[in-house]
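Each of the next two complexes has chain A plus one more chain, namely chain B in the first and chain C in the second.
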Partner chain A sequence: MNDVLTSLLTLSGALLVLAAAIGVLRLPDVLCRAHAVAKALTLGIFLMLLGLWVDQGQKQAALKIFLAIFFQVVTIPIGSHLIALLAFEKNIPRWRHRPIEDHRRAGGSNAVPHPGGGTPSSDESDRPAH
Partner chain B sequence: MKSFALNLLIAVIWLLLAPEPSAGAFALGCLLGFALLGVFRPVLGSGDYIRRVFALGRFLLVFTWEFLAANVNVVWTVLFRARTSLNPNFVTYDVAGLRPFEILLLSHCISLTPGSTTVQVTDDFQTLVLHTLDVGDPAAVRARLDRVLKRGILSFTR
Partner chain C sequence: MMTITLYAAFGILGLAIVLGLLRLARGPTVIDRILAFDLITTCAVGMIVLLCIQWKTALYLELILVFSLLGFCGTVAFVHYLSRTQDLELPDRPGGKSGHE
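Right after this comes the complex of A and B.
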């Protein structure tokens, strides 16, 4: 029973990590790739470590694996957030470049100026927000 | 806070009474302490703590469901969707009035729920910039985050 559960958890975790890798290859730009990494990698590693915990049993693994899971789940989304932040600030070319959907633009002022040089690209400033 | 300390204290006492200390005994102690705090709610003034713990539990359930949905969503997007069908964009989200800790929690959860990652918190802590894979209607994205995450987080932090 434990063996089946272990292999099930480890395999699905490995498949999710594979999905994250394929996502990094297939998705069009940095920001979309950060999506795949943030979600699929987090759950993938979570499931693999959980499988390891089931395999090891509570005596040996005890809280160590939970600590590992905790740090993975906390840090992977932050890593993807930092990648996305860098792409945003450097104004890296993105798929279907369109103006930011700003909820305050209706009020008149665009309060979130796009960083990365004082002049935003032409389609950033000329086109109205949808 | 006082109730939480009391709960931990009861758990530690239970751990000391157990034949051999283990994680299971500690969890049982926590549960017993929680039950005691629940029963003696009017005397100890722990009603708010009980409410927060239940709110946290409910939020964790909702969040786990969202997290699983996000993974199904990502796998489907990665494997079966052509890149021309993607419609990603930045969306801003209003977080005015939230404390920094709540913004931290919210942005972390946003990164793990379907279709959105946190990109930036503006310097004045008023606005989150998100990146979403499919912006059909930005108002719908914001309404979903309001309904699913913001309300859930505020229900146990306040």
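Right after this comes the complex of A and C.
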């Protein structure tokens, strides 16, 4: 029973880590990649450490595993948030699926959004290169 | 069944590390490389967890704590260093302002 539960938790955690890796490789933007790392990687490593906790259930190991789980769950979103803040502050070119209003430029002339208007041509210039 | 699952999880984590290395090699900015570094560090932590399960020992739990601490400190140090530099090397930026507030 413990073996089955450990196998299930470990395998699902590894699959979530793989999903995070695929997201880091495939998503088009720094902010999207930070999003993938923050969610999928946190849940994946959380499930793997839970599998370790199920596998060896002594008390000292449980304390250390709880510390490891707490540390991972706290630090991975903080790191991803710092990276997203850095990308926002350095004004990295962002991926535009469709022309939307950028709120960083909302103090200019186009403060009122035009839902039916033409596509602004300035959005074409700051796409990522790939 | 346990060994098969553990080997499958090892393979999956190795594939995740390879994908992270691909992003580390061809990331357009430094920030992508920091993200890939974070991913690879967490994959290493997951591999240590798998080793703990396979060898049925609790010796490597401190190693898990140390690795996660090192990965987080590396990320914070990179971000702190890059946030006080003026310009990142970007492929094509149409004259946006760099953050020197």
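Rule of thumb we're sticking to: the second predicted complex is superposed on the first by the 94 of 130 C-alpha atoms of A that agree within 3 Å, B and C clash if a C-alpha of one lies under 4 Å from a C-alpha of the other, contacts with A are read in each partner's own complex, and residues count from 1 in each chain.
Everything that follows uses one rule, which is that a residue touches a chain if its C-beta (ideal position, glycine included) is under 8 Å from a C-beta of that chain, and two chains touch if they have at least 3 such contacts.
Just so it is clear, the model here is predicted, and its values are computed rather than measured.
Undergrad: Identify whether chain B and chain C fit side by side or clash on chain A in the overlaid structures.
TA: fit
Undergrad: Of chain B and chain C, which one contacts the greater number of residues in chain A?
TA: C
Undergrad: In the superposed arrangement, does A:Trp95 touch chain B (first), chain C (second), both or neither?
TA: First partner only.
Undergrad: Under the stated touch criterion, which partner chain does A:Pro77 make contact with: chain B (first), chain C (second), both, or neither?
TA: first
Undergrad: In the overlaid three-chain picture, which partner chain does A:Ala34 touch, first (chain B) or second (chain C), both, or neither?
TA: Once the two structures are laid over each other on A, A:Ala34 reaches both partners.
Undergrad: Tell me which partner A:Ala68 touches in the superposition: chain B (first), chain C (second), both or neither.
TA: In the superposed model, A:Ala68 contacts chain C only, not chain B.
Undergrad: Touching A:Asp3, do we find chain B (first), chain C (second), both, or neither?
TA: So A:Asp3 only meets chain C here.
Undergrad: Given the touch rule stated above, what does A:Gly51 touch, chain B (first), chain C (second), both, or neither?
TA: Only chain C; A:Gly51 stays clear of chain B.
Undergrad: Quick check on the superposed model: minimum Cα to Cα separation from chain B to chain C, whole Å please.
TA: Checking C-alpha atoms only, chain B sits 12 Å from chain C at its nearest point.
Undergrad: Jot down the residues of chain A that show up as touching in both complexes, chain B in one and chain C in the other.
TA: Chain A residues touching both partners: 20, 22, 34, 58, 78, 80, 85, 89.
Undergrad: Write out the stretch or stretches of chain A touching chain C in their complex.
TA: By the definition above, chain A touches chain C via 3-4, 6-7, 10-11, 13-15, 17-18, 20-22, 24-25, 30, 33-34, 37, 41, 44-45, 48-49, 51-52, 55-56, 58, 60-61, 64-65, 67-68, 71-72, 75-76, 78-80, 82-83, 85-87, 89-93, 125-126, 128-130.
Undergrad: Of all residues in chain C, which touch chain A in the complex?
TA: 1-2, 5-6, 8-9, 12-13, 15-17, 19-20, 22-23, 28-29, 31-32, 34-36, 38-39, 42-43, 45-46, 49-50, 52-53, 56, 58, 61-62, 64-65, 68-69, 71-72, 75-76, 79, 82-83, 88, 90-94, 96-99
Undergrad: List the residues on chain B that touch chain A in their complex, please.
TA: 22-24, 67-68, 70-71, 73-75, 77-79, 83, 86-94, 107-108, 111-112, 115, 117-120, 122, 127, 129, 131, 133, 135, 138, 142
Undergrad: In the complex formed with chain B, which residues of chain A make contact?
TA: Residues of chain A touching chain B: 16, 19-20, 22-23, 26-29, 31-32, 34-36, 38-40, 42-43, 58, 62-63, 74, 77-78, 80-81, 84-85, 88-89, 94-96, 98, 100-104, 111-112.
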